[in-house]
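Each chain gets a letter, A, B, C and D, in the order it is written, and its residues are counted from 1.
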Amino acid sequence: MGPGEEATPADEADAFRLGALLAADGWVVLSGGRDAGVMRAVSQGAKTVPGSLTVGVLPSAGAPVAAGVDVAIVTEMHNARNNVNVQSSHVVLAFAGGGPGTASEIALALKAGKPVILLGGDELARAFFRRLGGDRVVIAGSPEEAAAAARAFRPAP
Amino acid sequence: MGPGEEATPADEADAFRLGALLAADGWVVLSGGRDAGVMRAVSQGAKTVPGSLTVGVLPSAGAPVAAGVDVAIVTEMHNARNNVNVQSSHVVLAFAGGGPGTASEIALALKAGKPVILLGGDELARAFFRRLGGDRVVIAGSPEEAAAAARAFRPAP
Amino acid sequence: MGPGEEATPADEADAFRLGALLAADGWVVLSGGRDAGVMRAVSQGAKTVPGSLTVGVLPSAGAPVAAGVDVAIVTEMHNARNNVNVQSSHVVLAFAGGGPGTASEIALALKAGKPVILLGGDELARAFFRRLGGDRVVIAGSPEEAAAAARAFRPAP
Amino acid sequence: MGPGEEATPADEADAFRLGALLAADGWVVLSGGRDAGVMRAVSQGAKTVPGSLTVGVLPSAGAPVAAGVDVAIVTEMHNARNNVNVQSSHVVLAFAGGGPGTASEIALALKAGKPVILLGGDELARAFFRRLGGDRVVIAGSPEEAAAAARAFRPAP
């Protein structure tokens, strides 16, 4: 989870690498599915891995789907779809420095009892979310650390 | 789309065969995802085909997922998830003799402008939905006819 | 519940009268809230009664609210809001001859175990919904009959 | 918007007073509607004002409604209903020290472009939300200050 149109090139590069790492570990990579920012980059990164599977949970029927999304779920519920994203995930990886949409996903994930791995952001954002979620919030310094942290939450096969 | 706990053995047999036929044609097979009736049967039928992909759009976080569902989307929006099911589909195949849940999906599919292929049901149900949807409603006499009818709505690759 | 832009003048006249009758009986009158057809007419009819209260459950943030709606609830979930409409109602009054949107509301109401009072429509529609809902579906020949039937479902004060 | 079962007596006293102040200013007071914490207190405070109107937007069909709620909207969409709450509001008043549910509402309100007035919380929470929302976030030191701040966002009659 992370910024769309507001993503920086560094965010997108991180997301792309994260997508590839998660897919290589065998995760299904689910994102908000729109053709923008972190959603597009993580899907395209995942698709560099043969046999990968990506899901995009879209806000509306008209939203263009990111290239790299294998399965598009059209919710037609706009930002309320953020709750579908987190409910459908075993672990939520989020850009701590994202805007209100990303912040709502982190909060909804914690409300749903999901583990959250935070990437990026500054001390203020990390401190806020750490207090909000306690032990369920993990800070990762890089896509590699985030992917490594995610392994702890892998469901048994 | 079709009955869950109320499905007859004949409904389930039809759904199982339909799932296999659709998967053999390369469709992603999306259902309501619960471990019951037509949702389970169509997913399991699809999974008899190597390389198939099945999606289950679940009503709630606690609902058991049908065996045979590859990707589980947890909506936590109960019957309102029926709109997600139809919005996410290129073509909706539904049991015309199903209960209110299935009827709502057929109606929402028509509202969304999706083609609907009806399987089973009696003259009353078929006549009602035909009038509601006009040309977008196709009547199929068997899973084989339904799968054949679906091919006309296949998006270009 | 009933047609929006597709409503006939007779539908709107019936909805207006029904709104006034329901409000006079002390019901809160809830509709889909858009500035069209039966939604607008039932709200405006209700507002002819001093002390009446009307609620509109809107599909999206941008949809114009009908004059006559006191409380606007903005769902941003498009046709999935039909489930909110019926879940929030003690009894659902619907135009049996409405289009797919109305049909989905009737079906979702029956799925939710709510009583449904049908107004208008022809033999085919009434027969279909009667079979779908059994005893919970009541046929009314006029707004007066519909309002009278609704009284049976009034919650105790 | 604020904590349910986790609300402190001080939170509830503030919410009760805020409800009374808002109702006295003629606002419709909308909350999450459950019979707990801030949702209950704000509704009951509002109902001390003759002619007040309160709305509760409930997460599920089974959730007990708070005494003091005049109009109950049953969304059946659990925490995704938080988006309905903020979309339906002209201005969002929230307890900055609330848990993940409240944080998600603040974030969704900012995403929806709504003004947010924060009550309570500590420096960390206030700093985080201020940065997330910029000028649209107003800090209030008491229910009286919050109600006064809300007046600036009153729609023209």
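Basically, a residue touches a chain if its C-beta (ideal position, glycine included) is under 8 Å from a C-beta of that chain, and two chains touch if they have at least 3 such contacts.
All of these numbers come straight from a predicted model, not from anything done at the bench.
Sharing over half of its contact pairs with A-D by residue number, the repeated interface among B-D, A-C or B-C is B-C.
In summary, the pair chain B and chain C forms a contact in which both copies contribute largely the same residue numbers, shared numbers making up over half of all those used. Among the other chains, the CA centroid farthest from that of chain D is the one of B. Computed from the mean C-alpha positions, the centre of chain A lies at a distance of 40 Å from the centre of chain C. Each chain gets a centre from the mean of its Cα atoms; for chain C and chain D, those two points are 29 Å apart. Annotation for chain D: residues touching 2 or more other chains are 61, 76-80, 83-84, 112. Those residues of chain C that touch chain D in the shared complex are 28, 53, 55, 57, 61, 70-77, 83-84, 87-88, 112. Looking at the complex, you find that chain C touches chain A at residues 60-61, 76-80. Note for the complex: chain B touches chain C at residues 77-84, 99-101, 103-104, 107-112, 124-125, 127-128, 131-133.
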